[in-house]
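In what follows, a structure is listed as structure tokens, so that the remarks can point back to it.
Order as written gives the chain letters A, B, C and D; numbering starts at 1 within each chain.
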Amino acid sequence: AGVLTIGRREDSTTFDPIKSAQNVDNWVFSNVFDVLIRVDRTGTKLEPGLAESWTISDDGLIYTFKIRDAKFSDGSPITAADAAFSLLRIRDNEGSLWSDSYKIVDTAEATDDKTLVVKLKTPSAPFLSTLALPNVSVLSKKALEEAGEEAFAELPTAASGAFTVKEWRRGDRVILEKNPNFWQADRVKLDGVEWISVPDDNTRMLNVQAGQLDTAIFVPFSRVEELKKDPNLTVHSDTSTREDHLLINHEHGALGNKDVRQALDMAIDKKAIVDTVTFGIGEVANSYVPKGSLYHYADNYQYPYDPEKAKAMLAEAGASDLMLDYVVNAGNEVDEQIAVLLQQQLQKAGVTVNLQKVDPSQSWDMLVAGDYDISVMYWTNDILDPDQKTTFVLGHDTNMNYMTRYKNDKIKNLVAAARLELDPKKREDMYIEVQTTAKNDVHWIDLYYSPYINISRKNIENFYQNPLGRFFLEDTVKN
Amino acid sequence: MHRYKFVLTRPLQFLPVLFGISVITFILVRLIPGDPARNLLGTRATPTAIANIRAQYGLDQPMWLQYFYFLKNLANGEMGKSILYKIDVLKLIATRIEPTTALVIASVILSIAIAVPMAAIAARNEGRAPDHAIRILSTFGIGFPPFWIGLMLMMLFSLELGLLPVSGYGSTIGEKLVHLILPSLTVALSLSTVLTRSLRAAMIESLKSDVATAARARGMPERIVFWRHVVPNSLVPTINLLAVNIGWLIGGTVVVESVFAVPGMGQLLVRAIFSRDYMVVQGVAMVFAGATVLVNFLADIITVAVDPRVRL
Amino acid sequence: MSAPVLSVRNLKVDVHLDSGVRSLIDGISLDLGKGEILGLVGESGSGKSLFCRALVRLLPSSLMKVESGSIKLEGRELTEISDPEMLQVRGGEIGMIFQNPSSHLDPVMKIGGQIAEGIRYHQGLNARDARAAAIEIMTQVGFSDPVSQYDSYPHEFSGGMRQRAMIGVALSCNPKILIADEPTTALDVTIQAQILRLLMEIRDQRGLSIIVITHDLGIVAQTCDRIAVMRRGKLMEEGPKRTILSRPQNPYTINLVNSHPSMPDTTAPTQTAAAKLANPVKPLLEIDDLHVRFPAGGGILRGSTAKTISAVSGVSLQIMPAETVGIVGESGSGKSTLARAVLGLTPISSGHVTFDGTDIAQQKHAGLTKLRREAAMVFQDPYNALNPRLTIGQMLAEVLKVQGKFAARDIPTRIDELLDLVGLERDFANRKPKSMSGGQCQRAGIARALAVDPKLIIADECVAALDVTIQAQIIDLFRDLARKMNLTLIFIAHDLAIVRNLCERVVVMYRGEVVEEGRSEELFARPKHPYTAALIAAIPDIDPDKPLVTGANTGPAGPIKSVKRIP
Amino acid sequence: MSILALANLSIAWRKFLAKRLTLTLGAGILLLFFLIAVGAPVIAPYDPILQNGDVRLQAPSLLHPFGTDNFGRDILSRVIWGARIDLQIAIIGVLFPFVIGTTVGTFAGFFGGIADTLIMRLVDIILAFPFLVLMLSIIAILGPGLSSFYIAMALVGWVSYARLIRAQMLVLKNSDYAVAAVSLGFSRPRIMFRHLLPNAIAGSIVFSMSDAVLVLLGGAAVSYLGLGVQPPVAEWGVMVAEGQSFITTAWWITLFPGLSIVCLAFGFSMVGDGLGEMLGMHE
């Protein structure tokens, strides 16, 4: 019982799931709307959501879902038609930010109230995973059309998830109330949830320490040690899919040379970064597929930290006086700290680094334009399947392999093939190959993985999120 | 009354200022590198998705045409649609305007409440210990950044003493007032230093003025001389200083709003700038500018009311 | 004399500066009888104001201290009473009227409120009774409509009315002694006469004792019973008015009395003028139907509902070479504006100004160039007319350089010459205005005007701020210069006595118009216009037997009708 | 020079001190900072950007009097080197606005008319413009770095000076000595720059001292939003901003640079007050 208050950085921007690509929104969508298929707590398995069960045709093109007996919060039944509507809407709606990801859907039809048939244009191994995305949540066609898209985005009139939206005080908080019509209503212990925006990290922590918030998310690494000492608090560390990595612009001079990139990898002391920046909380990364995720290759090669050798390799490659422009995201504490650290580490290998601190929007522009040599970025998975990230990072897609301009046809073909391969064992092998090749080519430099760190008051139980970020507030208890 | 004739004519002079501001913000935000569409899409942005969004918000049109639409909207009392929040900018601002206004007003009141007695003590003890103490103290007020002062206040009043809420805004009037104490105190601590300095100088001058001498010569005790003659005569320059600083003050709430999680326009503005939400930046800039102009106008009215000699 | 109300013995005031202790009031002893008016005269800086402030413990600086002496008010020793008791004395027993009502009245408080304030505080009346009492006082000091004027602010009144208000404020606490510190210096003669008369009336009605501080012996002669002369903090001489004026003992007093301009002047400058008129020449300056209008509302103090203010309306004048012409008229009559317009410093609305044959409106460039090389102005306020950042030498050198009439090499010599000419020591070249007295600044201003080597000098009230002794020196200087250098001089003043002494011809201005014009001795002897007559009558004469006449005696602030009314 | 003359000189000096205590004290503080800035390479015990993983987040001690930051850099050394940047920020950040504003204000006030109206409208616009938008956009457009900060400061800051000088000019150009200068046939530039400007400028000089403080703070605010001086350069505002995540655990990271800002600000405002007294502003 009770209302759980959660402090976070920013407030929601909308309640129309297809119109946002931000975690701030997605994490609330998951509380309010249910999906056909969910990702479990470990982040490695899919489990039934509103779809009770499903079958896949042998050619991998036709998916048939059986919709569970469930109701929207307004009391109307959740039907296969609603599910079809939601799936087609995210593909076709003008304002959808996700249409590209669902272009693979050819048709989606409700053959009866409880049966949804989806036909794909091509087979796709990750398709089921994409259905777990909060953005493709099942919305009530009727409610949406009655309220109108805009009003619905302001305050959804029908929820399919554990909570309904009671009030949204813009800029301040989203107030959720238990949805009595939720199909798992007895699982939900809380009367409601308030997502409260407290932008300043220190203030947010202080709120929990002073007992004015039950929980707070986005705990800075630097605060963990100290907060652990507070007897009123529990510090949670939940596995995430976050990986921080150093982008390298392969088109810039010596950086096109694999030996130079390998030398750079060896010049970087990732352990020191983990210790300094994450206060030992993170873990050195060895692959672009995060640890604990599907098909992560634990034995992937790891370049040793060896600045002397790096220096020698650079000299051999004729790049002994390497000068690099390093684009740093302003306002991001972690990024800035990594930059300062890397600058000194690379100096030891004879590489001069110019830091260029710009605001994040601008750094995007510079990365896209290729106006950089190196830059640190991070990625968190939206879906359980590695395909999404792999395609973006190594699929030789329209985004120049995540702005690195990395080129390797072998990898390109491998990524495309893995997407179509439906046999999990074979797929796993393919992904291991992708991981080792990418590592050898140093398409980018993997730095570290880090968990989600949240705090809660001692009276809060079962407050956790899965690696994809979903908060399981239906399990949370406030004593 | 004749003295107040300017109340009717002055607003006409606001128009060019607001127009100028609209042009400058419009151009400025678009000159900043960065793309609202990419921001919205985040890491997964694909070129087609970006083009799609740009088209939706008319960002693919030539600049002059965009400005034309902007003006056309403005004439209809609209300011376009937020790219980030997908709703009408005016509607969005309407939800955020109250906390900022309340914060600014509370800060001004509080700074006056701090500055007047401080300046009075300093001026009446010119060159002596209390005067020096206040001047040193007031330098501290500006030297330490608001986020530092804010945090210290929070730790003291909320964590240690448990007297006041840490942050936020509240929903009832009472709650709001309680929530505003710390943030407005934070602003006031730096604003009042500026005011104290100006007021102190004006008071010292007034204390030595013929007006004060004349009052003393008719046997008025120092208390009456000070409050009835010196203070009113020192107010005008300070009011004008406050008015000039109001733009800075409104801008200054940005940091305080984010430290204290006040859901106001400052926070909205920062988020809008960083996500290149052009329409919102324009809208908020116009509202801020309008407020500044309005406050200066009010200052004019107060000046005329306080000092019967002034005509505008 | 009955037992004195106030009795000061051996009062000493010192100022303690870093550089040492300086004595400002040096052992002054004085008595003030009941119902008596005592005139305190002396040069600027002699300690007159300080003496009076010392009485009520209102010294202007914390560095000053009453060192010794006694001040007895009706037997009570004021030097020993506590500060709260002193509050009762100030205002309640001793009231003060200050020289400059504009700066001593609170600009943001209603006139009535300022009068009522003292009443409420000293007599403990409630707001309503205090208001009634204040209105009563306002009537007494000559407000025509006290009930509505009660709610007016100081800036809405003329200087004369403000001074009346100041007197009202002083009277509000019902004091036994009134100290009037130069109460009329800022006012013109007609108003001055009214105020002085008011003071005497109040004395008669209330039986007050009054100390009048002034540097004008004429005022003393007209109003006071006894005179005390101060110089450098010391009392020079003291005694009944007639004794002092007719048989001054102290050399300083003798000098003071002799330099008063209202003394019959034996060396009238008429012969030279007559000689010049014998052979008529072209006028140097010709003013034809000159109008200068200012947009209304710009003048903060005189804002009116009219669209424009006619500061000068339809003035025509001819000034002959080597002539000395005086322009007189009350404050605001347009004298300065006329002068500035003639020199092209204020735009002309209509009419013509021809200087030495060139119309400066039509041939603007040529006219102004000529004017700037051949005409110069001496400004009313000696301090403000000099750039505070330049030394006198730098200032003169700059003028000489720009005018280009001297080779750079000769400039230093020329500066020395100029300083000699105006009677300043040569080392003044290195001094800045701040370190100079008003009279010295005025001389520097004249030196600057002479540096142009002009044919025409316009001197705008250049002696109003100075005390008589210095006034006399400057007048002499002008007279000398006019004679030696064949200067044409236009001398603006509101002090008719000086004009009569110096000028051959007098022009009387009233509300922007010339109401009368003529040869000095004639105009002063037989004024044709009633306004001129009123002005002349209002000059306080040093002869106590020529009684003071308030302007046409039309009661308080009675307006004097112009012949032609301006719309 | 004889002993007597020396004694006289020292007496005169002491008198000057007594009279100009504020100014002297302020100037002394500024001089101290200047010396620290100049002598940084000699005074600073450590390299300000050298990281040392062994001594991270150490509280003040004998070895590190101001403690160390999260990279193990010596705060004292960083504060000392920071004096270089911050003095530069304060001086350059005031100099350009001062020169531009004074020039513009002089012309606007002296000539009046259309130019004046246009300039004053521009001033109104800039004053009414949210400072932050302007600052952030200019920095973003020009690219990060100190020079952009200076340009942004100059573009925004000249307004105050222009207003001050213009107001003074409007008064002074009607003063008797200005009119006297006209009547003596002086040229306009001569009147403007030799006669009026020196008399008009006192207020601006005094203001520039408090402006220096504001510029320092502006720098700190920009740093808070992450767009200040480029790392790893030591600058107090950035140090304070960087230290905010350690406020509760390592207070020394923010306190010492914060105090340095306060002291420098104090020096500037003392000089401002002192100049004000000297130039007769408060009389």
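Observations
Just so we're on the same page, a residue touches a chain if its C-beta (ideal position, glycine included) is under 8 Å from a C-beta of that chain, and two chains touch if they have at least 3 such contacts.
The structure presented is a predicted model; accordingly, all values stated were derived computationally and were not measured.
With centres computed as the average of Cα coordinates, no chain lies farther from chain C than A.
Set against one another, C-D and B-D show the most C-beta pairs in contact at B-D.
Chain B and chain C, compared by their mean Cα positions, are separated by 49 Å. Between chain B and chain D the centroid-to-centroid distance comes to 23 Å (mean Cα coordinates, whole Å).
Once the centre of each chain is set as its mean CA position, chain A and chain C turn out to be 86 Å apart.
Shown for chain D are the residues in touch with two or more other chains, namely 136, 140, 225, 244, 247-248. In chain B, the residues that touch at least two other chains are 32-34, 147, 151, 155. Two chains count as a pair here when they touch; such pairs are A-B, A-D, B-C, B-D, C-D.
Only residues 2, 209-211, 213-221, 224, 228-229, 232-233, 306-311 of chain B touch chain C when the two sit together in their complex. Put simply, chain C touches chain D in their complex at residues 18, 340, 343, 345, 369, 372-373, 375-377, 379-381, 384-389, 398-399, 402-403, 445, 448, 452. Interface residues of chain B facing chain D in the complex, by the touch rule stated above, are 16-17, 20-21, 24-25, 28-29, 31-34, 135-136, 139-140, 142-145, 147-148, 151, 155, 194, 197, 201, 204-205, 208, 244, 247-248, 250-252, 254-255, 269-270, 273, 281, 284-285, 288-289, 292-293, 296.
Residues of chain D touching chain A in their complex: 49-51, 53, 56, 70-71, 136, 140, 143-144, 225-227, 230-232, 242, 244-249.
Contact residues of chain D toward chain C in the complex are 15, 18-19, 175-177, 179-187, 190, 194-195, 198-199.
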